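All chains are identified by letter, namely A, B, C and D, in their written order; residue positions are counted from 1 within each chain.
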């Protein structure tokens, strides 16, 4: 690919922003050329401005980059990764899209917009076509592509595999979510010590609606949502990284846990996707032990990009019980966004 | 009541045994007269033999009691609380029952026996009548009364209130269970540090079946199980005490969360039960905050005997979503057993 | 005492403020008559304004009290407990003292002032006399009495006992401090999950200097600091409540661990102090087990007011190694302040 | 080096044994050829017998290896890594040493033996010469080389650097140790939840004595212990991996924290050691932030082999305060043993 593509990270000092910077270090295609931060931090070096919270060290090449405001011109940068809070994303992302930048966003601000895809390469690569719709409709030279809520990423991939094989009608989903999902400083240690918090603001709504769009069909320039019904409970637990979700799934066509296990284990990526640098290897890992997946042991499967499932067993009301785990700040946030960008690159969308 | 009733605690050195000893200290009706332990510990004083794990101190009056083997004669003691492991309970409990002792047991060994009640005074005080059946059928002078699995205790009380008001058809139940539920030493700290374990041996089966018996109807000398269908996922989380359960409930008759909240908040105990020393005050506490109940904040409600519920909201598939919390070693184990014994005392069952 | 004394809690919505409100509920001498909060919360009811974080429920009688600004006139209230942040304390406390209020303060703002005592009834009840100095010098009708930093409270009591018996020359102190010591929201859960933070801002300086004043001699209207040298390391660990401190102590006169144990266990309070409602019973508890004290098991000794020590053993460099534990928000903050106020009441200082 | 050297891991199913297997996977010089386990597990495949607790997956090539008893003949294997419990090590290690195997042991059984080195390549590579003494004295064809207690590894490296530059006289060391140091299942989750345990059996004695031997001088066939005095407190905290130690150090020659920082940061390995596959890069990392090192953020520095120090500041009693962190199962156990074996290989000790 010759020279690397210069990219920006918007909102680079927060916990997802840090994950972008860490994952982009040594990326074979991309190179961080710009970092943006709040007004308070702009003008400071990244090393100065950022309270680094990841266990991997801050990449050397990022330390001396100077933070610019998030609404600044990014000059030659044509690809930006957004870790902005929803409110800032609402203004900054369309501004950049208008000026020709493709924004791969982890923010929820535009996920519900009709012409903005929630892209998951394993599930709906054809939704990339919404970018055309977006550019036509909004007169943008660039565009916005989002990735899904961190809780629903692994779940959507599992649903895709089951939907193709058996059809999916309804599901109950109960999550036990990691602390890093709340950003930094996020949850107070006093609130979660020796505790569970059975509530995460706005989260259940996202879990109940985003998969319908993600699993929807693209036709006539728009997405027809999948006909699945979801009921969700979302909980915060004292885990650093890795969201665990208990699923009870009702299928169109009955299937045994063994049959479902085969389908999940054999789920493969389309050819053009399999070779992307961030493509999960394997896409879904099926654990056969009685007590897996577990966040501490399984979140880094496939470098944090693989969806790990286990405890496949029958359900007394629906058909299948499954436990799904995925890394919320890698697969479910920064890593997912980078993976999306890789797909856009191979489809020539950055060369216009 | 004049003099206190002498009681024994079987398996007194384990974590539930310790809870029995702690709760029986200063009990208005009962006085610990005998403690039993394993062969290894028998002959030792309780203070010597027991690695005390509760944050309340070991009661002074228990320190010097000498442990006897669990299958020893308990002499004048007519009431025993069993914290035995299931396997030991299988042999010891009927032996004592045969010799005239009423055993209030936290063990699961006899919960599925047709003629042994799983007694919950809030829910099924009439099941006490099974003791007669038991004595007739087995020729015992005493008997065995069990309390339910710790995860299902609070859930069964909530179901009782909803069943009376609206009827209950089906429910999904996903638990996040405390460490003390696994006994001592139980879970390894290395397994639960920064982790969730989505598996507890045999637990889901208990959650799916015990409530049917508890909520069943006593007629013609036996219990006709309730016609409810339950699907369960059970998980271990890094919480010391207090089991949290997410419920999605399908009712016979539709009800709004507000209506359900009123029914739960107004749930009252039968008159003969309300005055028992361990009766929860209130039986059910309905929290209106968005993020309650939480184990650290709510487990000690009503001295650990109250069932705390919150997050009442509609369910996209069934009718209601509710979060239920109860203290697993007080309400769900030792405290529940003592409460059962109090009920038996008021019904004259110890005086035969 | 006839009618209860009306008191105010300044900064009532923070974590120490909440502890004041909780401990003052049902206090035999005091009754909460006023609560103050930030500008944002003033005018709201306490139940509305306060995110309650204690596991004990919010006292019913406090729920409907309306918050006033911290610099408001407290009218008839002559006794105020201050849980203000240091900066606010700097202005508000002298303002109230000037207007005739006795302020028992947990803030660090005036601890280093020459004429303000750091009062610990076990250690230096005679330092109360500084109030006279204060009133004379500053022209106040009321005054300020502080309690010590939470880490040093238990340590100072232990040092007092050892100083009286053997003399104390130097000590190394390494703390492992609870989350509640940082206030609310305080430490981010992401920072402390699976972690230790070997740093607490300004804390080591307080540990090295406050005990010298506390253990100092009152003479000629001022305090002559004790001639003890302290070196401190302070650390934050994932514990909700209870500070643990490892001490290596050099004595004037050699003593064995056994001799020290006897001295600590027999440490008694002066007669006028022993009967105060908050006086710890016992003042020092000496645990003989190899692995105590532990925060979860020992912090509530004496209702959270007792200092618990253990692991008395020789030191290869100095004389004694000891582990000291005390509850940081009860003994080391709100409870200590209330105890101080009780002492002031018995000395007639509120009746002027 | 042509073909890889076949090695055995003794006690391969425990937590340190697992770490050996994980670190030896893809080692450039060594290949696991034999795994030993308890009688219970011998004959089973490693995948069957081992409850894997590391977050890195079990290496594929180890899964099907069949466990043999620990006292079995290891045939052609001339190098064994011992993760045996102390008691088993006492018998098995000399048996193998006698039969020609070089045993690099993490067990404490022979650390105090006069002719057995506690080898730390950064500190005392010349102690390898004790192997000759050992073989002569005991008539062994192989030998035993131990690595130090996990808590003292990083501390000894820091002391070496300070000793060379300034001389070290006395130190206070207070540790906060990770759960993995207790093996598996090790600490009960109920004991450490919301808690600190200020006691680790036999640990303080090791911390006070092992560094004297490690830093000792080899002369006339024996080690003359270093003349340093250490006083230690050891504590268990709720951290998965990484031991943190607070040090107060008295030097022969006064030095400022800045001077000490330069000496520690510039500490370099001898030429023959620098190139070993497991040599830490850098040997010591000096962090300048106010709140580092921290176990979660710093334990994996240099792939878990680097000693991380920070918080260099003056000491009011001695000269320097320092916080030292090292990974207890990598640098302080399996990784250290492998590093030792690499040194032995370069010195031709496996070719006799």
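Criterion: a contact is a pair of C-beta atoms (placed from the backbone, for glycine too) under 8 Å apart; a residue touches a chain by one contact, two chains touch by 3 or more.
Everything numeric here is computed off the predicted structure, so don't read it as measured data.
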Please decide if copies chain A and chain D contact each other with the same set of residue positions, more than half shared, or with different positions, and reply same or different.
same
Tell me which of B-C and A-C has more C-beta pairs in contact.
A-C
If you average the CA coordinates per chain, which chain's centre is most distant from that of chain C?
A
Indicate the whole-number Å distance between the mean C-alpha point of chain A and the mean C-alpha point of chain C.
48
What whole-number Å value describes the gap between the mean CA coordinates of chain B and chain C?
40
Among the residues of chain D, which are close enough to touch at least two other chains?
53, 193-194, 238-240, 296-297
Complex contact set, residues of chain B against chain C
52-57, 193-194, 240, 296-297, 299-301
What does chain B use to touch chain A in their complex?
170, 172, 174, 176, 193-199, 201, 208, 229-231, 233, 235, 237-240, 244, 246, 248, 290-297, 310-311, 315-318, 321, 323
Chain B contact footprint on chain D (complex, rising order)
15, 53, 179-180, 184-194, 238-240
